[in-house]
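What follows is a structure written as structure tokens; I'll ask about it next.
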Amino acid sequence: MLTKEQIAKRIAQELQDGYYVNLGIGIPTLVANYVPAGMSVTLQSENGLLGMGPFPTEQTIDADLINAGKQTVTTLPGSSFFDSATSFAMIRSGRVDLTVLGAMEVNDKGDIANWKIPGKMVKGMGGAMDLVASAQNIIVAMQHTNRAGQSKLLSELSLPVTGLGCVKKVVTNLCVMNITPQGFELVELAQGVSVQDVKDATQGRLRVSDNLTEIATS
Amino acid sequence: MLTKEQIAKRIAQELQDGYYVNLGIGIPTLVANYVPAGMSVTLQSENGLLGMGPFPTEQTIDADLINAGKQTVTTLPGSSFFDSATSFAMIRSGRVDLTVLGAMEVNDKGDIANWKIPGKMVKGMGGAMDLVASAQNIIVAMQHTNRAGQSKLLSELSLPVTGLGCVKKVVTNLCVMNITPQGFELVELAQGVSVQDVKDATQGRLRVSDNLTEIATS
Amino acid sequence: MNKICKNADQAVSGITNDMTLMLGGFGLCGIPENCIAALARSKVSGLTCISNNAGVDDFGIGLLLQNRQVKKMISSYVGENAEFERQLLSGELEVELIPQGTLAERCRATGAGIPAFYTPAGYGTEVADGKEVREFDGKMYIMERAFQSNYAIVKAWKGDTEGNLVFKGTARNFNPMMAMAGKITIAEVEELVAPGVLDPNEIHTPGIFVNKIFLGIDYEKRIEQRTTQEL
Amino acid sequence: MNKICKNADQAVSGITNDMTLMLGGFGLCGIPENCIAALARSKVSGLTCISNNAGVDDFGIGLLLQNRQVKKMISSYVGENAEFERQLLSGELEVELIPQGTLAERCRATGAGIPAFYTPAGYGTEVADGKEVREFDGKMYIMERAFQSNYAIVKAWKGDTEGNLVFKGTARNFNPMMAMAGKITIAEVEELVAPGVLDPNEIHTPGIFVNKIFLGIDYEKRIEQRTTQEL
């Protein structure tokens, strides 16, 4: 089973030099810690920052410099600030190369639900609907099952949809799965996890890749 | 009969303190020379300048600083530069208080033709169609008749239309006319011009205001 | 033409009950603190507030919620606010949730005289309910409309007496589009200078969009998530 | 990821026959002189050029017209060009005229992932022919579409190696929206600096929109209407 950090580390393997990347709140944020050495990746924060750096020190903290999770951050050389309309122009026009998001549910057609649970207070979709409607390459980072042990990888979403047919890949604590026209394709297993474990934890259509490998976590 | 300068001077009487004004090429440009003393008027040039100043000297000329007529200009304190999309955002959203344009023809419904003569090389509408479609207050500055002596104030346009029902007032070498639901309303006469002169030179529906006055040109 | 107001109270004095306001800011970053405080003092009520977020319990738009001055919030995310949740669940408060990019673009469209545009955000979701759906080049989009609002209230870093504005860092966010979109736009600034002091090349919001401007005071600039590291 | 090109010839080397290009500039102000010269050297032909103007006979896009490299111009005003007129009247050149604000907004829509929007410009005129006409709140509008283009070519004052751009004066004009709109965007700059030299607050075009950048040389910056006064 992968820890949250290991999920983030595995997703970081998808990065390529020169990528512009938008990371959602939670596990996705951790991906920034595992950018391969020598690779130049630029983080976009949809509240109006390109070239986001690490958290500031107590001395350099600036209330006018936050990320989309409302955390105080810093800038790296070559960064730029812009308004929210320009920020989503980047997103809608497909200039962001990779988007990493958390999810409540994903189905075997690549639909995603991550903004609303009926009966609970709805906080809002923020930028999630814009991101999933336009991103060229969306990877979902999440636990394979919910707290009640139910699968979050379904044939049909039970929760209100955020976007249709947009997820390309899911990395969970158990495995890596691609979304294909035939549904989920299990391509990599976490150490100590069996194919049967994934089958048991996956409610949607699932097939196992002929080239099934183990996730490299070192 | 008014000279071009006198037409401009009469139009300048329409200015109010704090106005943002877009002046077209030709007579409209001259209006800038007659802003009443003590009045603050800001000129917008649709190629991306607010706060346009007079022509530069030979010493201060800057190829990167032109107006929409492609003339070298200067900036005044408080000016700003912006892109063409923002410039037309100002225009379409009605932030420009007064637009002064030349015209080939105006009809008694306030339609204007000023961009195309069939059979002649068409240079393009530039920003004219955007301006006439959105400006709250459009004054046309032009000669009352064309070089062949034919009226440019018509019941129906003969030339391709630039915009519908947009002109509020016309100032010509002969007179000032408002556009009303009843057609042209003659409100001011140039010195030495008779009502009959205007009637002879106007093909569209015309009525004479009960408060007809003489244009102040001093 | 004098755009300068003495203070926030004077700037918001034209705002009356049941008006629709746009308020800049993302979270608590770049919010018009002075104007919100003045609105709280003014007791106007029945307000519809278009703002990406709704503040926290005791700061930002949360202050107006505490006073029951807000009838409706139009936002993309209304998370961190217990009083908000209470009023929503009790039916005192109406909420319309809009995807963040659509919210930004609708503000921009308003300020650009564009009555409607198409966006893919929300297609296939409940956001599309009741909206025109249309295909362009094989992809599905929904039609979104510009807003109608009475006032836009924005916060800038520097401004001049002509209304030109410069924003700082991510405090820019929704402020420039909202400044464009207000029928009347009020700007509060941390530094108010004479015309000509700001470089015309570096102005983010040209003065034509700003009707009233004043020098704000006592900025608290509260931080929601104070995340730091030791080097 | 290296966005830096050695020179204009390298930057435009991917441009092939029959492509659609967006070229920044208003008149001869802010035009990508170096890239236009390189295109003239390259002999690519059948180009569709989206540009507010078409240059003059011996400068700007006029150089490409002289070489018969342009199949179609999409512009708002094509005035000052005798060779242009000759080719147009002889049927060698196709021209599509678009209201200037619509041209700017269509470029911006392209770069913002907005496939279509409504504008009042051109309603009731031949510009509306064949387009959807629609009423919003009692006013008539026409639907305009985003562009499809292969390359955008822009000229900036300063740029850094990340592709961030700063424009100067009215040389900004169409350049920022076109930079957003290119499938591939090439920027030529008068000054090319290291990341961090440009203030992130003052960047007009964030680097994400720019794919190739190079330091231009020998800028002529020709002036069309040299108007001066003596003080």
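For clarity, chains are labelled A, B, C and D in written order, and residue numbers in each chain start from 1.
One rule holds in what follows: contacts are C-beta pairs under 8 Å (C-beta built on N, C-alpha and C of every residue); 3 or more make two chains touch, one makes a residue touch a chain.
Here the structure is a predicted model, which means the values were calculated and not measured.
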item	value
B-D or A-D, whichever has more C-beta pairs in contact	B-D
Rounded Å distance, chain B centre to chain D centre (Cα mean)	29
Inter-chain centre distance, chain A versus chain B - centres from mean C-alpha coordinates, in Å	56
Separation of chain C from chain D, taking each centre as the mean of its C-alpha atoms, in whole Å	33
Between chain A and chain D, centroid-to-centroid distance (C-alpha), Å	36
Residue list for chain B, restricted to those that touch at least two other chains	81-82, 85, 88, 91-92, 134
Chain D: positions in contact with at least two other chains	105, 108, 112-114, 119-120, 167-169, 200-201
Interchain contacts, given as pairs of chains that touch	A-C, A-D, B-C, B-D, C-D
Chain C-touching residues of chain B, taken from the complex the two chains share	17-20, 40, 42, 44, 50-51, 75-82, 85-86, 88-96, 134
In the complex with chain B, residue positions of chain D that touch it	26-30, 52, 75-79, 85, 88-89, 97, 99-105, 107-108, 119-127, 157, 167-177, 204, 221-231
Residues of chain C defined as touching chain B within the complex	1, 108, 110-114, 160-162, 164, 180-181, 194-196, 200-201, 203, 206-209
Chain B - residues contacting chain D, complex	45-49, 54-58, 61-73, 81-85, 87-88, 91-92, 111, 121-130, 133-134, 160-164
In the complex, chain D residues that touch chain C	105, 109, 112-120, 134, 136-137, 139, 141, 145, 166-169, 200-202
